[in-house]
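One structure coming up, written as structure tokens, with questions to follow.
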Amino acid sequence: MVFFFQNLINALQWGSFYAMIALGYSMVYSILMLFNFAHGDIFMVGAYIGFGVATGLVALSASGFLALPGWMILVLTILLSMFLTSFVGMIVERVGYRPLRDAPRASAAITGLMIGIMLETGNLILLGARRVSFPPLIESVTYNVGGVFVTNKKIMIVLVSLSFMLALHLFVQKTRYGMAMRAMAFDYVVVPLLGIPINTIARLTFAIGSALAAVAGILFGVAYPVLDPYMGIVFGWKAFVAAILGGRGSIMGATLAGFLMGFIEIFVAMVFPSTLRDLIAYSIILLILVFRPHGFFGEPYSARLRL
Amino acid sequence: MLLSIQDLRVSYGRIKALHGLDFEIADGEIVCIIGANGAGKSTTLRAISRMVPVEDGTRMTFMGQDLLKLPPEKVVSQLGISHVPEGRRLFGNLTVLENLQLAAFARKDKDAINRDLKRVLTIFPRLEERLIQKAGTLSGGEQQMLAIGRAFISGRRLMLLDEPSMGLAPLLMLSVFDALREINAEGATILLVEQNARLALQFSQRGYVLENGEMVLQGDAKKLLDDPAVKTAYLGG
Amino acid sequence: MKVNTKMITEDEVLVIVGPQSSKQAVPAGDVADNYATPMISPWSTNPDTTKDRPYVFRGCFLDPFQGPVVANFITNEFGYTKAAVLYDVASDYPKGLAEFFKEAWEKIHGEGSVVAYESFTTKDADFSSQLTKINQSGAEVLFTPQYYNEVALIVQQAKELGWTKPIVGSDSWGSAETVALCGEACYGLFFSTHYAAAGATGKTKAFIDRYKEKYDYTPDDVAALTWDSLGIVETAVKKCGKITGKIEKDRKCVRDAMAKIEKYAGITGQMTFTEEGDPIKCAVIVKISDKGEYEFYKSVCP
Amino acid sequence: MEEINDTHPSKKKGALGGLTSVFSGIPVLGWLLGALVAVILEHYLGDPLVDRIGLDKIPVLFGAVIILKKPLMIPGAAVFLLLIYVIPIAVVARAGKSFSNRLAGKLMEFPIAVPTLVHLGLLYGAIHIWSDVSAYRVLTLKLMFVAIMLTLSLNVINGYMGEFSCSHPGFMALGAYGASVFTVLLFSSDRLFGDPLLPEALGPFLFPVGLIFGGLIASLGALVIAIPSFRTRGDYLAIISLAFLFIVKSMIENLEFVGGPRGLSGQPNYANLPTVFIWAVLCVWIINNFVRSTLGKALNAVRDDEVAADAMTVNTRRTKMVAFMFAAFWAGVAGGLYAHVLRYVNPGTFGIQKLAEVLAMVYFGGLNSVYGSITGAVSLSLLGEALRPLEIFKWIIIPLLLILVMIFRPTGLIAFREFDVRKVMQPKSNSDDEV
């Protein structure tokens, strides 16, 4: 039982990364019908921007010029990095996707892949092949709850990501921009007929997705403080699978599928040798898709893409 | 003239859809374009709302402003030209209220929006009962009402209506057209495209007949109703 | 792989020094041997690198030697009988070493004394399932022959999951990056390696000083082994005398000269090559001090 | 293919200088003869010329490496290229124009196989002599031919059938391991499988069997995607195929008898240049016939409108099934060749990176086009090698190039073009400017 709960805690943390990255994928996918294959790398960029901001703030704090407590630095890092990374997302949208809005979707997917490679390479050129270590902003405290070990970091990570997911949900449900996004996911061709600028909504979608990826990147840096330029690849593709699995146009679906991904991975490794993890995890996904061909909450979309 | 169009040409790839239309609409008019399937009626509306690119040489002005300089969303938000597309195209995953609120996306004046919202609900009382229902669950007539209401809020100096009668029972059809007349009476100009030529001509003041991408006839709606050529081709003899 | 082929065929190199890790050195050695080009990998401890490859040498000891060194050290130092292993199954070096350690440990403590033998795959960042299993297994010590980036993650996560017992590593820990990434979590841990910078004397110290002057940080074992490998190559080339320009002939000559080197006195110890092109040399156990330095703890010779 | 590509710069220059007409009426045969002369020149005069103009050695990839690495040697490389390639090819092609046209005309009177074989023979001759200069050229060429096969076979699914399949590296892996196990088990002494089961002399003859065996395994694997594709299309099929890729990779990682994650080596050296060339030609020929057959047209119908295709009595299930299995077969064969070219494979080779590479080649070259796939594979493989001296910056330039192509030609360079062997080989009159 202790064993199970320990893994449950582990899975919650692990799944929250997938869920947050999957949300970014899912939003772009729902609204623009595009695979933004660069999203995994935006997660990486977010983590590095977070690293840069945090390192800078720590240095500033150490110099005594502006003495900040660790948690304060973390909050500032998250906010600043979200802001900065959202620009990365908007640039990616402007350069890589907007010119291709009417092109075959596969072309945009290729552009995304290529932008991803450029982001990785750009990072390598800027920072070199050396791994960097994310500064420890909060002292790790381990609690022993009846044999189950929980750290303050884990609790923080799960809570912060859940609250961002909730915030996103409220944004999409309650604001007019969120409404426009939902409308666009349903039928983006008619959206401009109501006086809604599609480009603004697309840009906003990329910005929000990227900002979330930045949060995921920073929380990842807190949990696994070793960053490398290729960290976005595996993560990105798995989150991508989760996003599609969740179903088009469903934030709830992407979140759940992201957590499911994390749970499958952790629990498969709990029962089987960990080398079988991918094999079993993807077999499960394949089966789910064979029996639920449109994901969890997705509607079989009719390709009503032209007016 | 509210809207004046000269030499409107549109092609889809190598297929020419419109071969140079000229027409005008005055403020406050109800004008209809009738024609067979594939004559280019919907394309004409799409060209006005800038949803399809037009070819060089086309001139479109709205109250003296060059339409071609504006992106589609500005045509709605700046000029007040709204477009009810073929098949309604409501956001089925949004509620009725959300669909209406969304139509006010580009508008700032909260009071005016609320007034318009109330007005829509008085014109179409049935929508009021369904405000928090998903638009996808509405019946065909209600969907058409919502589509018109949405257009009413987003802009109504000129309303472009694509087949408003499609798929509606005769009685509903009439009530939709009554509502449109009411909206027109409040100052909205209406350009509608119809397969149901008789209904359209009875409803309009002027009419155009479109055949294979060319305007073949135009004039007073009542006269067109009596035109023998129109009669045989569009009114079932 | 392709780079190696390109170097050999297009750039016509005489000798290759490198690649460092077994992951690259095993396939690269194959290419070098196929093209009859002498190669010396300074740091690849996997037996396959040089096995049946007359043209491939190495500058370090082998894992079949290192495995028992670590197993014996833990047994003698702590007196534990139950060990856990966590390794990257997709990488030659950790996988090989994990196997050799397991073999050696079970030879001492009997079948089943490695109570948890857990693996992961390259680029994994989360080891919580494996570490949870290890925690549950009742192991007294964790051996993890990983590279610095994974060491940092494994050690930190193990602590967060309530692991308080020792974690022991291998020569792959020897990089300065280990402590840089891992921080205080790694202080007090042990690993086996080729040389220890802290407390070195003589020739070794001279090398360390010169290196520090040039690059401004303490050389790790890779640097030291590369230095020795270059030295061996230099000796061999000198012995060969004149370079004729006929690349095939020169390569053969250098290879033969390298094979004949005896008791080369390197900064990481004395070396003589065996038939396979592997040196016979001693291992060092290093303790990571409370300042994060690599302290010489003891020396283990074959 | 190499040589044809090589002649493009000179043609371009001609176009720029208004010299188009001078080179217009030359048939492919003429260019091939020119290329042959050029490579023979290089073979015999390359080394002395290199000494004379102060280069280290023959520029291995038309000077690309030299230009990027040692700018001081650019003039030398340019002189070399001019003397060995540009001038001889131009002169021979131009001077022999009427001869090559007449010859091409004569050849066309025979059954189509004869001129085809002559052209291929010349092409291979040129490639062979060219590659003799260095082993690096041989390796580059082999990998290029493998890339052509992969790209073409992926185009069958992604281009002709219009699905976004991500499983190709998986098929390739199945083929690579299938063929490798076959040859290593039977003909090579290896630490995993022990002594060979059959005499080694038989190996080269049974190598095709091994490749086909690998291809068949890949085909079988394709069923995992083909069957769900009856119900699922588009994005969800993309995910299924992606899952398949990860499953194959992970499965091989867990199969200790083929070396697990550490890979399988010891493949005998069977994949020499002629073998790879013949397989690539065979692949182009068969795939080209396939996509031009009724079944190929059915594929297009399925892509454009599945429901309508169904109504038009296209058996969509059978079509999809055949297409997936057919494409997977060739990906498998390409994988088998790949494994024997490198003589080492590990599961990591067949991951996301490979997927990005093949997808890039398909979409760069052009959808629905055999020409396009060949162009995509050849240009990206050569570009990858030529830009190698830039090291990491290569990975900025190549993606940038691809993005630009996608923006300005969203369906790729040469999309939706039929590949007609007859047309390619036809003699050209001066007025007929078609290439």
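Order of writing sets the chain letters: A, B, C and D. Residues in each chain are counted from 1.
Simple rule for what comes next: a residue touches a chain if its C-beta (ideal position, glycine included) is under 8 Å from a C-beta of that chain, and two chains touch if they have at least 3 such contacts.
In this text, all values refer to a predicted model and were calculated from it rather than measured experimentally.
Counting steps between touching chains, the shortest path from chain B to chain D takes 2.
Chain A has its Cα centroid nearest to the centroid of all protein Cα atoms in the structure. The centroid of the Cα atoms in chain B and the matching centroid in chain C are 77 Å apart. Remark: chain C and chain D have CA centroids separated by 40 Å (rounded to whole angstrom). Note on chain placement: the centre of chain A and the centre of chain D lie 37 Å apart, centres being C-alpha means.
With centres defined as mean CA coordinates, chain B is found 42 Å away from chain A.
Multi-chain contact residues of chain C (touching two or more other chains) are listed as 89, 121.
Touching of two or more other chains is recorded for no residue of chain B.
Residue positions 253, 261 of chain D each touch two or more of the other chains. Checking each pair of chains for touch leaves A-B, A-C, A-D, C-D.
Those residues of chain C that touch chain D in the shared complex are 1-2, 5-6, 8-10, 26-27, 30, 34-35, 89-92, 95, 121-122. Listing the residues of chain D that touch chain C in their complex gives 60, 65, 134-136, 139, 253, 260-263, 265, 342-344, 347-348, 388. Considering their complex, residues 46, 49, 51-52, 71-74, 76-77, 82-83, 85-86, 89, 91-94, 98, 101-103, 105-107, 150, 154-155 of chain B touch chain A.
Every residue of chain D that touches chain A in the complex is listed here, in rising order: 158, 164, 224, 228, 231-232, 235-236, 238-240, 242-244, 246-247, 249-251, 253-254, 261, 352, 356, 359-360, 363-364, 367, 392-393, 395-396, 398-400, 402-403, 406-407, 410-411.
Those residues of chain A that touch chain D in the shared complex are 29, 35, 95-96, 99-100, 103-111, 113-115, 117-118, 120-122, 124-125, 233-234, 237, 240-241, 244-245, 248, 275-279, 282-283, 285-286, 289-290, 293-295.
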